[in-house]
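Labels A, B, C and D are assigned to the chains in the order they are written; within every chain, residues are numbered from 1.
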Amino acid sequence: MYFTSDNASGVPAPVLDALARANEGFAPSYGADPLMDEVRAHIRRLFEAPEAAVYLVATGTAANALALATHCPPWAAVYCTPIAHIEEDECGAPEFYTGGAKLVHVPGADGKMDAEALATRLAGAASVGVHNVQKGMVSLTNLTEAGTRYSPAEIAALSAVARAHGLPVHLDGARFANALVAEGCTPAEMTWRAGVDVLSLGGTKNGLMGVEAVVIFDPTRAWEFELRRKRGGHLFSKHRFLSAQMAAWLKDDLWRDLARHANAAAERLEAGLAAVPGTGLLYPRGGNMLFATLPRAAHARARAAGAQYYPWPHDQPEDGPDDGEISVRLVASWCTQPQDVDGFLAALQGQHAPV
Amino acid sequence: MYFTSDNASGVPAPVLDALARANEGFAPSYGADPLMDEVRAHIRRLFEAPEAAVYLVATGTAANALALATHCPPWAAVYCTPIAHIEEDECGAPEFYTGGAKLVHVPGADGKMDAEALATRLAGAASVGVHNVQKGMVSLTNLTEAGTRYSPAEIAALSAVARAHGLPVHLDGARFANALVAEGCTPAEMTWRAGVDVLSLGGTKNGLMGVEAVVIFDPTRAWEFELRRKRGGHLFSKHRFLSAQMAAWLKDDLWRDLARHANAAAERLEAGLAAVPGTGLLYPRGGNMLFATLPRAAHARARAAGAQYYPWPHDQPEDGPDDGEISVRLVASWCTQPQDVDGFLAALQGQHAPV
Amino acid sequence: MYFTSDNASGVPAPVLDALARANEGFAPSYGADPLMDEVRAHIRRLFEAPEAAVYLVATGTAANALALATHCPPWAAVYCTPIAHIEEDECGAPEFYTGGAKLVHVPGADGKMDAEALATRLAGAASVGVHNVQKGMVSLTNLTEAGTRYSPAEIAALSAVARAHGLPVHLDGARFANALVAEGCTPAEMTWRAGVDVLSLGGTKNGLMGVEAVVIFDPTRAWEFELRRKRGGHLFSKHRFLSAQMAAWLKDDLWRDLARHANAAAERLEAGLAAVPGTGLLYPRGGNMLFATLPRAAHARARAAGAQYYPWPHDQPEDGPDDGEISVRLVASWCTQPQDVDGFLAALQGQHAPV
Amino acid sequence: MYFTSDNASGVPAPVLDALARANEGFAPSYGADPLMDEVRAHIRRLFEAPEAAVYLVATGTAANALALATHCPPWAAVYCTPIAHIEEDECGAPEFYTGGAKLVHVPGADGKMDAEALATRLAGAASVGVHNVQKGMVSLTNLTEAGTRYSPAEIAALSAVARAHGLPVHLDGARFANALVAEGCTPAEMTWRAGVDVLSLGGTKNGLMGVEAVVIFDPTRAWEFELRRKRGGHLFSKHRFLSAQMAAWLKDDLWRDLARHANAAAERLEAGLAAVPGTGLLYPRGGNMLFATLPRAAHARARAAGAQYYPWPHDQPEDGPDDGEISVRLVASWCTQPQDVDGFLAALQGQHAPV
């Protein structure tokens, strides 16, 4: 009953196997391994983007910060929602990597940026001359940090606003796979066809040990990205071990199967919660993540049964009045089992888990 | 016959096994995994430093740059040799992470910093007031990038100079294990007892996939390091996979065994080269790395036999006059086999490799 | 009828005279000029702060950015209002000088930070660990960018909140003199006695060519400030010309007289506007600056008569429907003449200016 | 007898007069003052560069650091001599403004960069791929920090090497006027015709209070420069006072007259020193600056007579054995008087100064 985060899970067997296979013999270092050629070709095919530059790094923060720095100068603004991972969870990595760009909030419902709000914000930034930071780029997150989902059309609407101001668009896809399979569209439809210029394609939260791809649809930025990656300490010497994981993840559509599994587990959770009196959802579920209010008593029972998850926001006290509520985040992963979900639901209701 | 770099090798079986074991179930993320507690305790014991702060990152460049940034302000100088990895091979990562510190060269023979030259350099930096960068810290490398080795006494002599000016000392130990076993001293003798304040303890070149420990002997710097690590994108969510590798490496002294193996292979190579007419060594061998001059004809034979290694410096042409020379770098690793060494030696001399 | 900004005005005669006097002969450079000793002593006396470090720079942006960088690490937040000069008018200088700190908005009425809102914001920032930027410092502005004014008690209330979280407080005093004479308190009461740690003491907007003092009440930060100033290119070689201006400004309380003059002109403007039908003030006047709504027709008459001022916000069209309104900023300076004020008021009403 | 630096001098009367004239009335701020239009037009005419972008800042360090940052990315090298002002006297401002570029030394005789040494250095930098900093730009200084002078032909030879590698060339012209009049060439010949892309045109050391022009011959860089200037806190609100000084300096060739005066004073000094037994020059004089060895006894006599100058290098003790030597720097300025020179020479020889 572990719902803290999808990064609390391990990796599926094919990933371990791929590491073992990749371990044989010597291999060129720093990304010149033949496995990386496979990965690059695979991602280009998958995204129908034969010119895209593809790089691997080991953390989502690195992927995001490097992607932003490559597309936004130090004196410009990155427009994002107030709850974006780049704003809330990276200890200022975007500021560090860009050399001091400013993250500017654009509001919207359910953790999604509103296209009109973006248009208003950009229009207002038009006349300041040299005195304020310039318009830099737009960064979206799919799945959002509220667990909701943009459709390709919604992304396209936001990109159109960005494009009208000449701004590139970044997509933080730490949970891209979960969004993609929920939406049932192609990778191209979710990205460059919807106006995305650069994607952080997250593997870690969906079954890898620590591998993220950065896909840059405008290859003229590639060399700068490579230099920034090296300079940031994110170029792996034994790069084959990143390549191998990513190759295994892509092979036979494993990545989408893992995401489908996680989404299904969250769906089961959602359905089950609907039957628990006093609970509610804060946002519509977009993929594998739920934000729910729980009666304090149910929460206490779940805790007693060993369920793991975070109060959300974090600063709610673990203990509260028995007749109160607590809001929590529940994340399912590629390895969440139906019995974990059912056990948690049973605990909430003070039942024994079904066997 | 692969002598390009120790980072062209893979990892030994216990490391793969440890990953598989660590993969079971869920684990707290971001370094809160229980395996990290083991690693921390192990390294503190090993270094006889019960207060030391211990962190893991995935690349040597990250380890070095974060260690420097935590100990040196932006307006100061990092004193290093002209061939230091931080100066030559990190694309300015130290400058990036420190916010623009200046790497200042201190000369010395055989890739080692000379204590008197350091004293002279620091004395000369004493009177510039606000106009030039301030004295910041000293960074040594052991093994050096010339494959040579500092003894603890040599490190202590350099640290004493640094200390007299109030400067902390960093040791880039990408090949610390190779230096340590060659020297036959304890980790403490090679580090804090010799005046080292912060160590980049390299695992990657000696049998890990991509794990380096940073050992900070003054724990008051620890929290700043943690913030810089996160901000640099170097905090792993599935941190257990770094911990597991490092734990396996430390267990039963595997790390020293691997280093002894690599050093022995380089020793065999050194002995064999001595018998090849026309060859010579550029520096005395300190561990697992040799810089040798080869007759062009011998080089051509080795290449024809499939031997892999780099001309050093890189910009020498692969082809040259038959009666000329080429200087090359030859690196042995934890998995270099005697027959690889012998095969290379035989190829140099135009013989068939012994079976 | 020039009300665009107080920085559109020149300097009073004593400042020019002081430059001429300072011009005689040779003088030590880089701040070692004897005039700077006078300035330092004068400011320490004035602020009853015998230990304070005092430095001169030439722009308000430099004063602010250097003050912030000296008191806030790169991985932390500077809490300010959404309209702070550091947020809106410095093209990211604070981010640049701090190395990427994040400016975080704290709301409040009339351009003033609300102490309760600050307390809430800081309480919410307490639990994020390494994942988000840390609590760094608080930056206030007096006069605010809305032309309003903090009393010493209000500053003290905000400082108390900051202090409770261990945060230093910066006061952007680009219009400090205007606030001070309006408040009728001492410099000490407005600053360190109210919990301010570092002050940007603005001279430029109040009669100097380009001189601002930074007063650091905790002198242990002084040397770092000096290094940052030099490194930012803000240490003047012919420093005596900054010192001379500042000395003349302080002499015989000229600085307060100039501010009183500017405030009086704004008061006259305020009184006059009250008699103009259809006008209104957006914020209570704190010193020498007004934000007013004007009937479009009145605005058109003022423009026709040659009055200079900015629409505020900037992006309002200069021309609009005759029966509409426009909001504008009106700034009086040390040299604004009563007849300028009266002429502007007359123009608004379609009268000839009184002679 | 003040020979410490040309920045220890004040300004000539026309500069003070210009400030007084510019002080009348209100003026648009931030560089929109009409005087700046004059300055821009004048400099373009003077340099025969009708498209050049022209900006004013107040310090040489700002001019240099901004010029470099606008032309060199963070991951690249700025090639300069080991004694360049940007390397030795700016406390890392170039590193700060560029975001961590690396200053790489190119040797040469008499403080001048050697074109062959540059070619060798650049050739050696060609093959490092992503691992080391990239080739960024070349920065020359004229007059050099050794007081020597490049001819246009020498600059062109260095620029040709830079150009062959696609690198822009910066000229630090803190003493550009002194070099120019000594050389007797046109501004265009010394700059863009010799391959210079961006010039720091120093006014401060040659008669201004603190004004330097940056002349960017490729105007596509202009907007970035403006943003960097603002972000660095170097955009003056009361910009007219910079413009006025620069306009006065350019008017009627005052700037060249001042430089001729300074050079003539240094020439007189040089001639006089030749007659003082035991003295010698370290470098050939290029303009207004001499580096001389003095007998310790002569030095003591000069000091006793009140002569001001720096030992060079700084860390020589003021007192030394009577029969020893000291090396010193002697700088003449636009206001150095013949009697100062003669008095110093007389003091060295133990004579009374001629009246």
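Heads up, the rule we're going with is that a residue touches a chain if its C-beta (ideal position, glycine included) is under 8 Å from a C-beta of that chain, and two chains touch if they have at least 3 such contacts.
Quantities reported herein were computed from a predicted structural model and do not represent experimental measurements.
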{"item": "Result of counting contacting C-beta pairs for A-C and B-C, higher pair", "value": "A-C"}
{"item": "Same vs different contact residues, chain C with chain D, by half of numbers used", "value": "same"}
{"item": "Chain whose Cα centroid lies at the greatest distance from that of chain A", "value": "D"}
{"item": "Centroid spacing, where centroids are CA-atom means, of chain B and chain C in whole angstrom", "value": "52"}
{"item": "Chain C and chain D, separation of their C-alpha mean positions in angstrom", "value": "34"}
{"item": "Geometric centre distance via CA averages, chain C-chain A, whole Å", "value": "42"}
{"item": "Shared interface positions of chain D, touching two or more other chains", "value": "74-75, 90-92, 96, 99, 130-131, 227, 230-231, 235"}
{"item": "Residues of chain B defined as touching chain A within the complex", "value": "2, 4-5, 7-11, 16, 19-20, 22-29, 57-63, 65-66, 90-93, 96-97, 204-205, 209-210, 227, 230-238, 241, 308"}
{"item": "Footprint of chain D on chain B - complex, ascending", "value": "74-75, 88-92, 95-96, 98-103, 123-124, 126-128, 130-133, 313-315"}
{"item": "Footprint of chain C on chain B - complex, ascending", "value": "30, 73-75, 99, 130-131, 134, 224, 226-231, 235"}
